[in-house]
Amino acid sequence: MNTTAIRSRGRSRGLSGATGDDATVTGPVRTDRARHERRLGLLLAAPSFLVMVAVTAYPLLYAVVLSLYRYRLTDPGGREFVGLRNYATVLSDPIWWGDVVTTTVITAVSVAVELVLGFAFAWVMYKVLRGRSLVRTGILIPYGIVTVVSAFVWRYAFQLDSGFINQWFGLGDFNWFGGRWSSLFVITLSEIWKTTPFISLLLLAGLVQVPHELLEAATVDGATARQRLQKVILPNMKAAIMVALLFRTLDAWRIFDNPFVMTGGANDTETLSFLAYRQNVSLVNLGAGSAVSVLLFLTVVLIAFVFIKGFRTNLGQMKGQR
Amino acid sequence: MTLRRRVARGWLALALGAAGLAACGGDDDGAPTLVWYTNPDNGGQATLARQCSDASGGAFRITTQVLPNEADAQREQLVRRLAAKDTSIDLMSLDPPFVAEFANAGYLRPITDAADVAAFTDGVLEAPLQTASWDGQLVAPPFWANTQLLWFRRSVAEAAGVDPTAEDVTWAELIDAAASEGKRFGVQGRRYEGYMVWINALVSSAGGAIVEDPGAGAEATPALDSPAGRAAAQVVADLARSSAAPADLTTAGEEEARSTFQGDQGAFMVNWPYVYAAAQASVASGAITQETFEDIGWARYPRVDARLESAPPLGGINLAIGSFTDHPDEALAALRCLLTVEAGTQYMLESGNPAARAAVYDDPAVREAFPMADLIRDSIAAAAPRPLTPYYGDVSQSVQRSWHPARDVDPLRTPADTASFMRQVLAGERLL
Amino acid sequence: MDGRRTSNWWSLWGALVLLWALFPLAWMVSLSFKDPATLRSGDPGFLPSTWTWENYRTVFDNSLFTAALRNSFGIALIATALSVVVAMFAAYAIARLDFPGKNVLLSLALAIAMFPQAALVGPLFDMWRGLGIYDTWIGLILPYLTFALPLSIWTMSAFFRQIPWEMEQAAQVDGATAWQAFRKVIVPLAAPGVFTTAILTFFFCWNEFLLASSLTSTDSARTVPAALSFFTGASQFESPVTAVMAASVVVTIPVVILVLLFQRRIVAGLTAGAVKG
């Protein structure tokens, strides 16, 4: 498999020759090559750095400032400094804590199911001989599909008047979106369908790196399939599993599209991102909304911290994407 | 234009240019283009925009920008643009409950000329007229008005021995009638503005109000904790727990209610008059039979208390001029063209949306297309607007949140809980 | 033979995985061909009772949708191009150069990969309206570019590390000019990584909904995911289930085409940099 593994991130080859980079390097540099390399490195990295800081760090600081005010766009005259009162309001509000619970449930269930299912899919893709690329192609489609589309597709499948699920499973006129847990079930299902491919491909990448000799040796030693899984395969995949787990957890924690499209947050299915959206965008209540934003950011920092401390995973060894 | 803004614009032009997508040029004829933000309809507003552009003799052109489907989302889009002091909003179609919030924030340009005020308000039915002003100034004259009627299946009503057209027919009687026949009563019970429409009509029909002194804004007094509030909650709870409750009660909007009503289990429904034309279309497409269509009857919105006249819901659209427009005179001229009796008549016939002026209902073509024209007119005139408060969003959402799902509504507790929740929300002590 | 039987078993499992992945797609296509008039009354099955192209005509007649499609393509392509170019510099620096702040850049990229975008909608909206780029292409391109950068930097630096840069020197020894060496040797080696990164970035921009619905309000910048909730039926109350599905099919087509053409590259890109050992 075409997996590009990184062994040591920090190692740099350095410029291989004075004229190796004619587009950017001019003049004799052999004497102070290291200094020149530093300058070039900074120059090349600067645009990325600046853009990322300008579009995330700066607005975040701005949110911190806004969160100290009572400020609603439709009532500009009522703007006043209130200190930390917005935080007190948010943190003492049952809506915030209800959304924390909802988000936690969706995250925990979807990530757990995705890990198991993703591993099963990875195993199938690893083992299947005929049509392997077909399976891989097929599984990429949920990965690439627009999340809002996935939400609509699943919603209409379960919705009373347009769906086929109730008819197929003889559920009569059970209203899936009429209660909290059945709504969360459909929301989580859509999330799982859409994001399991990412996990399974990451796990597959880990799986192909499990040394063949070890597996064969274990088989020769009479290890059962279960023992091989527990003693050989999983330990050798630990890093891949950690990467998948961390990124999917933080990704699931941001869930917004699915509840927005499916329930609009009714029946206690609102998530934290949804709450931030509603305060800031629907109610244009930028004061309390910014407090929600800052707190949402802090929850993410907290989760990342727990992961990194708890699993002692080297940050530099991983990457992830949606 | 600030420097920052100019720099940003420059960036935009650069990005567009880089992609080879030159921004489309402005007008060549010099006539200002007015942008009219419209709620979605079947194209009736776009037609009027075209006609009024032509009629202006080149003084202006009107283009339309469509807003989202749901009232909350329409407000959201407009607020965001207006908060950005966007000069591109010349005209807007505004749901009446949002007029107060927009006017209070200074987003709407008042109409002060006495002749215009008279032209835009004479002959307009009373309830919609109430929603047109803020602080004693006309800010958003009604373009069309809407109301809900009670729709019933003649066969079911007959079998149950109830007369929905009787003046004093109540929700309780109708719910019992539907339940006794094993049929359903369609309402709007999803957590959205339509649910608020229903609750407001119930509270008003019971002789109460959701908010006292709504004009006081954040200091207004929630009034749901009252006999009227409890009577309204009783109706919601009764229906939700009755066998007449549709399976999708807690997720039903207008269309789901119509779907239940047109189906085998339909008995009653409260809904806007569009359902009549929609039922006709259903016959044409073969979804329902002509027989079913003829089985559909209509009556005034039912009462909560048999002794009190009902207060049907008020809907519709008001037209307003954006405060930040570069073309206030042209926008006003456009209103003079859009708000005539003729325009109202044409719009009602083309889009099926009822007019705000009484005179339209005397038009023979309207009477033919809407056999219930008189009923619609009277229902609009007697309708109860939702609270006219600059904090309408907070008021409405705190009600929706506390009353959803309908099956959990407790007539003894819910109205009181809503009132205290709303008070905290208005004071900024609770999130919504 | 036993191996043959096992292989067949795995093929069956593979088919099941395929079914899981593609079944909702089939439902989407099926629903998009249903007649909207009969949908609510008596057509609740999986397949349409009568097939119709009406929904596709509806969405393509709808200027809301066609404008959104144009915006989606324009914004996603520009954001992808910019992001890949900017990230290419950074990835090159990370893969080949020694410079202070390398770890800071990598950590920042990682932090942004995990950043909850919802925390930014309020301040970004307020800043954008101040700058006058609210509801413009650039107003969406900027955050898309930003949030795509971590992915692009990580993916490309992983690819770049694998390039045998010594070959460039070898070519020069063989008499090629520096530019020729770069163009003939390095560009072909780097291109697959850059291209793969571009596909993944495009998927991200194509998919994005939260910012698209917060930072736009008209046809001038609204993308398809945000426009789907604006659809309406014959009256403002009628919900356009089948039209939404037709539009969904349309926005899924580019995804399917990219996946079919570049399946191998996407998998390589997704797992690039996955950990060894």
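Here are some notes:
By written order: A, B and C. Residues from 1 in each chain.
Following the convention adopted for this analysis, a residue touches a chain if its C-beta (ideal position, glycine included) is under 8 Å from a C-beta of that chain, and two chains touch if they have at least 3 such contacts.
All values derive from a computational prediction rather than experimental measurement.
Shared contact partners of chain A and chain B are C. The chain with its Cα centre farthest from the Cα centre of chain C is B. The greater number of contacting C-beta pairs, out of the two interfaces A-C and B-C, is seen for A-C.
Mean C-alpha position of chain B lies 38 Å from that of chain C.
Averaged Cα coordinates give chain A a centre that lies 15 Å from the centre of chain C. Counting partners per residue, chain A has 159, 161, 279, 281 as the residues that reach two or more other chains. Touching two or more other chains at once are residues 80, 83, 259 of chain B. Residue positions 40, 125, 229 of chain C are each in touch with at least two other chains.
If you check the complex, the residues on chain C that touch chain B are 35, 37-38, 40-42, 64, 74, 77-78, 125, 129-138, 141, 217-219, 229-239.
Residue ranges on chain B touching chain C, taken from their complex, read 1-2, 4-5, 8-9, 11-12, 15-16, 18-19, 21, 39-42, 65-69, 73, 77, 80-81, 83-85, 88, 253-255, 258-259, 262-263, 272, 274, 277-278, 281-282, 285-288, 351-352. Only residues 72, 76, 79-80, 83, 101-102, 104-105, 190-192, 218, 247-251, 256, 259, 390, 393-394, 404-405, 428-432 of chain B touch chain A when the two sit together in their complex.
Those residues of chain A whose C-beta lies close enough to touch chain B in the complex are 70, 73-76, 78, 89-90, 93, 95-96, 159-161, 172-175, 177-179, 264-267, 275, 278-279, 281-284, 288, 292. Residues of chain C that touch chain A in their complex: 7, 10-11, 13-14, 16-18, 20-22, 24-25, 27-28, 31, 39-40, 44-46, 86-87, 89-90, 92-110, 112-127, 142-143, 145-146, 149-151, 153-155, 158-159, 161-162, 165-166, 168-169, 172, 177-179, 182, 200, 203-204, 206-207, 209-210, 213-214, 224-225, 228-229, 241, 244-245, 248, 251-252, 255-256, 258-260, 263-264, 266-268, 270-277.
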